[in-house]
Structure formats: structure tokens, C-alpha cells
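One structure is given below, encoded as C-alpha cells.
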Amino acid sequence: MPLMTGEELLEFQRREFPQTVDMGISVEELSDTHIVIGMKTTDRHLRPGGTVSGPTMMELADLTMYFLLLAQIGPVALAVTTNLSINFLRKPEPGSLRATGKLLKLGRSLAVGEISIFSGDMSEPVAHVTTTYSIPPKR
Amino acid sequence: MPLMTGEELLEFQRREFPQTVDMGISVEELSDTHIVIGMKTTDRHLRPGGTVSGPTMMELADLTMYFLLLAQIGPVALAVTTNLSINFLRKPEPGSLRATGKLLKLGRSLAVGEISIFSGDMSEPVAHVTTTYSIPPKR
Amino acid sequence: MPLMTGEELLEFQRREFPQTVDMGISVEELSDTHIVIGMKTTDRHLRPGGTVSGPTMMELADLTMYFLLLAQIGPVALAVTTNLSINFLRKPEPGSLRATGKLLKLGRSLAVGEISIFSGDMSEPVAHVTTTYSIPPKR
Amino acid sequence: MPLMTGEELLEFQRREFPQTVDMGISVEELSDTHIVIGMKTTDRHLRPGGTVSGPTMMELADLTMYFLLLAQIGPVALAVTTNLSINFLRKPEPGSLRATGKLLKLGRSLAVGEISIFSGDMSEPVAHVTTTYSIPPKR
């Protein structure tokens, strides 16, 4: 079972990363290996032509993996992203995004996950991410 | 010789991507294959512990490649990022960032580049990015 | 429905890529969006300590995506890999490998897929790959 | 100064990775942060149309980073690749390949490098790689 609940993750985010609170994040599902995160986009996240910016999707993917990892190892603010690779697949629409994260590996010093991002009601992902976090030694 | 100057790139950014203007971008150098971009970080770009957020560096890298590509092919708003892979190497400090971009390939439909990001006076990069843009057919 | 069967894919491989036939590939499952490939490792694929070499897993992932793509677009020898990113997660054991491929996007000029590689009876993947193929214009 | 010479690296390869000796590797240059590796391709490395296979270039890039890392930390057979991302840029020609590697970071537990691969006399790279190695704790 995860060490943290969705509510505890959001509380941790508010306390430690207040700059990211305007992302409008919610934790929809959470287990030992999976997470589903919802996000409401605002004008700040959009680009002309009515699409969501790439950096917004990268930020959402990064936070999704961070939450998924913290839920397993506890509130370790010092876990840091070492690599993030994103493929942009389709044009997202303004409104809501949904990120589904899956832990591929939770090792002693590295965690690897993959995240798919969905837009509104589209059944196919708008972006796919793999990312690695480095976990601080003493936990 | 590039088809656009640094000033024209910034003017294009202001017109087409007004949401990104608060990044405080400047074009320091520009050639057929290289670009140097400067950026001033503000509170919005920081994280606790006094470091620059990962998404800020991803956004800077993406914009660096976009400017480098546009400078060669002209103001084609429809060029889109298809892949971006970033390695976070060291902790950046608040203040100024400098991104150096290099075109690895400028093909008919794909352009590939690499970007190194430097922080303040540090001689070693804080992040390294490779990224691919898809170029729209009729240009 | 796929345009090619597993047997036709293997026949195409034998004719066009005879150098890869010693990989001992079989096509276990195939649909519009998924494929399962089996492989028997030989001494050539091993490393000291009794593990399978990284390049072997990269080659298997590349072939898995190639087969998955060809099955959808027909035998187009000119489809080429433009990007491949692999995360090595666990130590594989000599013997059999199984690669499961999933098409994330099949566009007009680019196809993106993800592949997980499993070793023997292990339930967790030993490697995870995302890869992009460029599809030649006139098909 | 590196802890190992080019000759010692090749001797280590012959002893620990005899399967890779048929790659026809030579160490052309070596410093604290850079390496240049030469390779002669044989029929085994080719593909129809007279080009070098992708897996061959991945294997060369992986070995280039491994040599560059070992030269700095000494003959630690247990350093393992955790991530490798390759962009294929141009079609290589049969004959000789040259890989230039650069250490982006040599940390306590992770090393990150980038490698460019050149073919024959071509001045532009045929492939570009970034890769991360995990370094075992007690060295």
C-alpha cells in the first residue's frame, strides 16, 4: 500500500512547491504502481490555435511521476528528476488533461516510470513520457 | 545565413506566443547552425532550496531549438516539437541561464538539435537536451 | 486488421535482413496496435555474469517496432528508425526474451511505439523502449 | 588524467567482453572528458542498400561511453547502462565509423555522456547519442 494518500500528496505540494499549485491538480487514483492525475488548464497553459503548451505537459508528467514515487517512499523532497523524455503525439484541447503514471522500476537509488497524457474525451494519448528519478541515499 | 535575425525572432515570439514573453529571453548569438539564448529567471521559475525548476529548463530548451529552427526556415508557426529528451546534470542557481543550441540535422520534414543549459558563471552545463521538430510540408 | 501476418513478416525479414535471422525471432501475437515477439538468446547475445547484452535488447526492440509498423503499412523496407530511447531496468537471464510492442501513434510520416522486454518467467520488464520510425512519403 | 590508457581499455575489453572484440575497435584519443573511438564495419554490421545497421551504431555508442567512463574510474566491470537515447540523422556508409564521446557529468553514482558518430569522411554526424551509466557504490 502507498505510504501517502492523494490528499497528503496535494498537501505536500502546497507546502513545498507553492509555485505549482496553479496547475489545478487532483489525484484521481493511486496504488503501489499506478497513479491517475487530473489537471484543469488555464490561459497560462495555452498556445495560439487553442492547444496546450508542450512545457505544460512536461510539467504535468514530471509531477505525476513525483507523486507516484513519493506515495511509495514517503515525503522526500530531495528526490530529483535525472531524465525525462517526451513524445508529443497529438494536439491536446484546452480544458482537462488526465495523466496515467506507471512505475516501471523502484530501485534503491533510481526509479523509472512511464506516463501517458490524455486530453478531454480523446481515447488516444496526446503525449507519452518516460522519466527517471534519483532517490537520495538515506531514507 | 539565417533568414531571421534575433530581433525578428523575439518580435515573432511576442506576436505568436505572448504567454512566453515573461521568460525574459534574449538572443545573444545566431548562425546557420548555432544559437545562444539568455534568460533571466524570476520567482515563478524557482523551487524551494533556491533552484530553477525543471519545467523552466525544458521550456527554455524548447524555445532555443524553435528559434534556431525558425531562423533557418523562416517564421513557420506550425513547426512542432515531436520529441524532447532532457538530462538534468547539476543544480542551477537563480538568476541568469544561458542556452547554447546546435542543429544536428535540418531535413525536409525533421530537424534535430541539441541544447546545453548553463547557470550563471558555472562552466559545466546544468542540463542537456536533444529534441526533434517536425516541419510542415509546404514551406 | 494488419496487412501482414506473422509468417509474412518473418519471410520479409529472411529476404531483406538476412543478417538478423540468427536472432531466433517468432511472432507470438499481432493486431492493429499490438505485437508480441519471442526471441531465443545464444552465446553471441550474452555478457559475462550470464546476462543478455544491451545491444541485443535494443536490436530486439527495434525489430519489434519494425514488425508492428510493417504489419500496418505493408512491406516498406524504407521505413527507418529516427529515434530509440531505452531504459534498462533489471538484469535479464539467458534463454528466452519476450517483447511486447504497442503503437502509440501511426501518423502520415511518423510512427511512435513503446516496447517492454521481459526475460524468461520474470513478471516485471527488464527493459522499456520508446521509438519513432519515419515512414517514406509515397506508400 | 585518465586512470587507464587506450591499450588498457582494449585489453580489458578482450578479457571481459570477448563477444565484442569482432567490432574492430581502436582508441584514437582519450582525455579526462573526451574520447575518440574508431571502428571497422564488416558484413555482419551491414544492411541491404549498403548501410550500417542501427544496432551496430548503438553498440558502438554504448562501448564509447563505457570506455570513457572506465578510463576515469578504473576497470569496474559492474558499471551498467541505465539509459541510452539515439537519434539517427543520416545514412552511414560501410567502412569506418568514428565515435566522439564527451562526459557531461561524472557524479558519485551516475555518469552522463553524449556521443556523435561519423561515417568515413562525412563531416556531419550520422547518429547522436546521450546515455547514462550507473556506477556501483564501492569503488
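The letters A, B, C and D name the chains in turn, as written, and every chain counts its residues from 1.
Convention: contacts are C-beta pairs under 8 Å (C-beta built on N, C-alpha and C of every residue); 3 or more make two chains touch, one makes a residue touch a chain.
Since we're looking at a predicted model, the values are computed, not measured.
Where the centre means the average of the CA atoms, what chain is farthest from subunit B?
Ranked by distance of C-alpha centres from subunit B, the top chain is C.
Name whichever of A-D and A-C has more C-beta pairs touching across its two chains.
Looking at A-C and A-D side by side, A-C shows more C-beta contacts.
How many Å are there between the centre of subunit C and the centre of subunit D, using C-alpha atoms for each centre?
Averaging C-alpha atoms per chain gives centres 23 Å apart.
Distance-wise, how many Å sit between the C-alpha centres of subunit A and subunit C, to the nearest whole number?
Distance between chain centres: 28 Å.
What's the distance between the Cα centroids of subunit A and subunit D, rounded to whole Å?
34
Of all residues in subunit C, which are in touch with two or more distinct other chains?
As it turns out, subunit C has residues touching two or more other chains at 82-83, 85, 87, 132.
Viewed as a graph of touching chains, is the assembly arranged as a line, ring, star, complete set, or other?
Basically all the chains touch each other, so complete.
State the interface residues of subunit A toward subunit C in the complex, per the touch definition above.
Against subunit C, the touching part of subunit A is residues 85, 87, 89-90, 104-105, 112, 114, 124-125, 128, 130, 132.
Going by the contact rule at the top, pick out the subunit D residues touching subunit A in the complex.
82-83, 85, 109-110, 132, 134
Would you pull the subunit B residues touching subunit A in the complex into a rising list?
Residue positions touching the partner: 16-17, 19, 43-44, 46-48, 53-55, 58-59, 62, 77, 80-88.
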